[in-house]
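This structure is in structure tokens; I'll ask about it shortly.
We call the chains A, B, C and D, going by the order they appear; numbering starts again at 1 in every chain.
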Amino acid sequence: VTNTREPRRPQEAPRRYVLTVTCPDTTGIVAAVTGFIASHGGWVLEAAQHGDLTTGRFFQRIVILAESMPFGPEEFKVRFTEVARKFELDWELHDTEVPRRVVVLVSREDHCLADLLHRWRSGDLQCDIPLVVSNHPQLRPLVEGYGIEFRHVPFVSGRKADAFPEVAALFDAARGDVMVLARFMQILPADICQRYAGRIINIHHSFLPSFAGARPYHQAFARGVKLIGATCHYVTADLDAGPIIEQDTLRIDHADSVEELLRLGRDIERSVLARGLRWHLEDRVLVNGNRTVVFG
Amino acid sequence: VTNTREPRRPQEAPRRYVLTVTCPDTTGIVAAVTGFIASHGGWVLEAAQHGDLTTGRFFQRIVILAESMPFGPEEFKVRFTEVARKFELDWELHDTEVPRRVVVLVSREDHCLADLLHRWRSGDLQCDIPLVVSNHPQLRPLVEGYGIEFRHVPFVSGRKADAFPEVAALFDAARGDVMVLARFMQILPADICQRYAGRIINIHHSFLPSFAGARPYHQAFARGVKLIGATCHYVTADLDAGPIIEQDTLRIDHADSVEELLRLGRDIERSVLARGLRWHLEDRVLVNGNRTVVFG
Amino acid sequence: VTNTREPRRPQEAPRRYVLTVTCPDTTGIVAAVTGFIASHGGWVLEAAQHGDLTTGRFFQRIVILAESMPFGPEEFKVRFTEVARKFELDWELHDTEVPRRVVVLVSREDHCLADLLHRWRSGDLQCDIPLVVSNHPQLRPLVEGYGIEFRHVPFVSGRKADAFPEVAALFDAARGDVMVLARFMQILPADICQRYAGRIINIHHSFLPSFAGARPYHQAFARGVKLIGATCHYVTADLDAGPIIEQDTLRIDHADSVEELLRLGRDIERSVLARGLRWHLEDRVLVNGNRTVVFG
Amino acid sequence: VTNTREPRRPQEAPRRYVLTVTCPDTTGIVAAVTGFIASHGGWVLEAAQHGDLTTGRFFQRIVILAESMPFGPEEFKVRFTEVARKFELDWELHDTEVPRRVVVLVSREDHCLADLLHRWRSGDLQCDIPLVVSNHPQLRPLVEGYGIEFRHVPFVSGRKADAFPEVAALFDAARGDVMVLARFMQILPADICQRYAGRIINIHHSFLPSFAGARPYHQAFARGVKLIGATCHYVTADLDAGPIIEQDTLRIDHADSVEELLRLGRDIERSVLARGLRWHLEDRVLVNGNRTVVFG
């Protein structure tokens, strides 16, 4: 089986530290944060910020060339804590040498999964994928063809509540950082949503808030909309109502049957999910209440 | 005042008959209709058709070069009645020499109105605009600057029910064919919706069915969507739920305030309304239950 | 190896005859063609037509439900010849039970190929893929994983002229109908372009006519364009100048390096190629000089 | 004449200083610039930056709330000079209380001009428009209807060289900051391009670099492209080859005649020009060789 070759690492990408910060907005934050970096000779590759007028929160993302700093990520964290305390910063430092671990949950539809796996192997998604979990056995060969572990957890009607803890345990055992619902088609219980808040990413096959819930393409067809869409969002206990990461739409017309919508929609689902996951992995997405800041 | 010059008539557009047909789908309809046209030597400039599998209805639009027919529109209608009877056709023949009469209803926002008037004068919209009605006086100069009659019908709080009959009477007196709600911001009563069914066109400033009703940009901001949209639809007694003619969306991001959404949305509202109205005037839009067939 | 399962056949698609017609435009063509079909009780599922004012040519595509006709495709052809002679029709009848045979030519980049193979297996592309040919050995496992024959034809520098006849012979031996250059990166000699005119489909990684030739993303970066694009076109002896089937563009910004353009471009290349090939397989694309008619 | 009412000033927009900076990239720039602002208690509303790897240049835009600073723009400039010297900054400080003065050059087509004037009066474009210059008299009423001076400068065939200095003199007399070619259709001589480098904005009616020069829609039709476009760029002595500010594309199909392309193109021309000009007026566009940085 030949898909097991290692994913490409893009040669142009040197090791970086990605610092993300949120705090109550005030003067001097950027000066303090960039002053800290500059005082150690750090080279800033990218920086973006946003002051949200409705919540009064400040958001920042800074990408630093690792080799420009005189110390490693652990000492960075220790030293930065002082700056952070002064401005009440919520912050995270992500070292690109430590790829996040993505666990994918799927059902029987393979278009999103196949797309993610291809991107992962092509080096477009900077992550490890240690595990794929499914409530059906069909996609095992696709997954194992990439050298990735596949676990089938049956969801027996009437006893689904038993299956979710098993999924969570597999996620924990795989030391998962991100859980991706790549057309998983099962509603996660509230306790799992809360335990992994901000770490579960779903693709919904409509332009939310339109057509939440089941069979969105059938709903879209019945309403006679002229565009269909897809939405990538963080999962919360509120069905299809979590913070939106990315959306897109696609023009259709009166001649498109529901089956055509299903087919056309697959393309937009996979690209919206891939962009949303990519941005999450690159620490571009910061949650702001039920909205997101996405640094381009 | 110099805007009163006549709207341009595009020189490339010769007189045409536009025949639109709907009926229960069966074999032989197209052969019969085109056979009728061909038997008189008629030259077909455009033709499009659609068989709807869910409703079993057939839809067709044929554009015929007027000068290729040996008789005028009245005789066309008489002779075509026989074909129509056989296939139970609902049909209409529109002579492009007889432009439709469009009455525009506005409130205080001028972006959609200004756009329609500019397109009309540029010859992009093949129609007459005999009248603009508003519940506010502010847009009178803009309208009269184009040599078009402006009527102010005050909508007094608590006595709005009195105003609607006056609007309808003005529409009738102006021999209106189409009523365009160009950000009119008042909910039409059910009896008016029914009396002019299929002839009232609204622009709603959201991607329906999301954010129906009031303040859709505020709703969109609060939900944190990544695209905003606009919807052009026929008005029915069901608020914002009539058959959709055209929609479009526009990318926004976290940095856009509600005010920015309002500003950006104006561009998409005016272009979606202009396309929807244009297609209606060109007989491209056929209603199919609560959906539309739009022949491109 | 489990990818070898048969491609899905969409259950909703019954056997159809797709009739495509081009001829000098005149009155009565549609009446004659649809009259022929109706006289045998044929059920028309889709029909579209176009009269081109610049070339005076008429184009038509009609999809007929096979089971509604009292005879098979061979007798259809015999009987239709009489109609065709009268109007000097160039015409083709394609039976959807006889899928076209697609031979894919690739180099080392796998994104277009992987996408086509996934769509083929999902039943989105109605064709057979008997063979993939490459000037490099790397993609053999991907291809063979789908149960498809892979042939490596080395293109030795200075002796490339020897390789092309071998590719053509493989195409002929596989009884290929369509040759798809899925990022093949080799310029076909004029004789091959002519021998398979209208049957070779290329994806070029720019919005043609901008950035024809080599390294289009580098050209786009240097010019500072704000959108990149991709173009699917029929191959002619004129490099990157054949009739365009489909194009699309994607927004980029100043922060995108050439490497980012390459990455982002892959998504648009694969979707533009897939649409173009799909439309070709569905007989939606008719060549009109150096332009195409594409029936939606 | 009622269009002469003052353009709206958006109530939500307080006075701001917009600081734009470019310099050779090095460590500590952002810390120094934001440190300067913070040391005076300045409140940063927006900030964006870009380090260009190909040119080694750094670009930054910072928007500061004016009332948060303890001194006015003049003292700001004096004090900032010291920071600027250390890092070899090219910089500008724009006070939003001092709107830029835009002079528009037009020919006979009014769609871009009418759009700019409507946006200006709606408060969407923060600028003054003291003057419109045209080589034809037709658009005088439209311009004067907005209370703006209109000057007709005839361009006599064979003696066009005489007209350009007159245009430049009018621009200077109007104390113009920006010259907008809103479908002016005349090629500016090199000396004017150089004198006002970075201050002349053109809208070209194609997706450059495709179809530079005359009659781009005719060129697009002949080539059979599936999308048309428009490009807003700074004018240089090289025809249609200056730094691109903004572009967009629009889907067309085989049924669209050249006249349809002209009509459809007008919408995209006016929106692309409006966006490009708006971004220029908001100091979002920084020139980087023959490319631009556009801060969103």
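One rule holds in what follows: a residue touches a chain if its C-beta (ideal position, glycine included) is under 8 Å from a C-beta of that chain, and two chains touch if they have at least 3 such contacts.
None of these values were measured; they are calculated from a predicted model.
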Task: Pair of chains joined by more contacts [C-beta pairs], C-D or B-D - done: C-D
- [ ] Express in whole angstrom the distance between the two chain centres, defined as the mean CA positions of subunit C and subunit D.
- [x] 42
- [ ] Would you kindly tell me how far, in whole Å, the mean C-alpha position of subunit D lies from that of subunit B?
- [x] 35
Open item on the list: Using the touch definition from the top, which residues of subunit C touch two or more other chains?
Closed with: 46, 253, 255, 257, 296
Open item on the list: Building nodes from the protein chains and edges from chain pairs that touch, which of line, ring, star, complete or other describes the result?
Closed with: complete
Task: Residue ranges of subunit B touching subunit A (in the complex, touch as defined) - done: 50, 52-53, 207-211, 223-227, 229, 243-249, 253-255, 257, 288, 290-294, 296
Task: subunit B-touching residues of subunit D, taken from the complex the two chains share - done: 1-3, 10, 12, 46, 110-111, 114, 118, 122, 124, 140-142, 145, 253, 255, 257, 259, 263, 266-267, 271, 296
Task: subunit A partner contacts - residues on subunit D that touch it in the complex - done: 27-28, 30-32, 34-35, 37-39, 41-49, 51, 68, 296
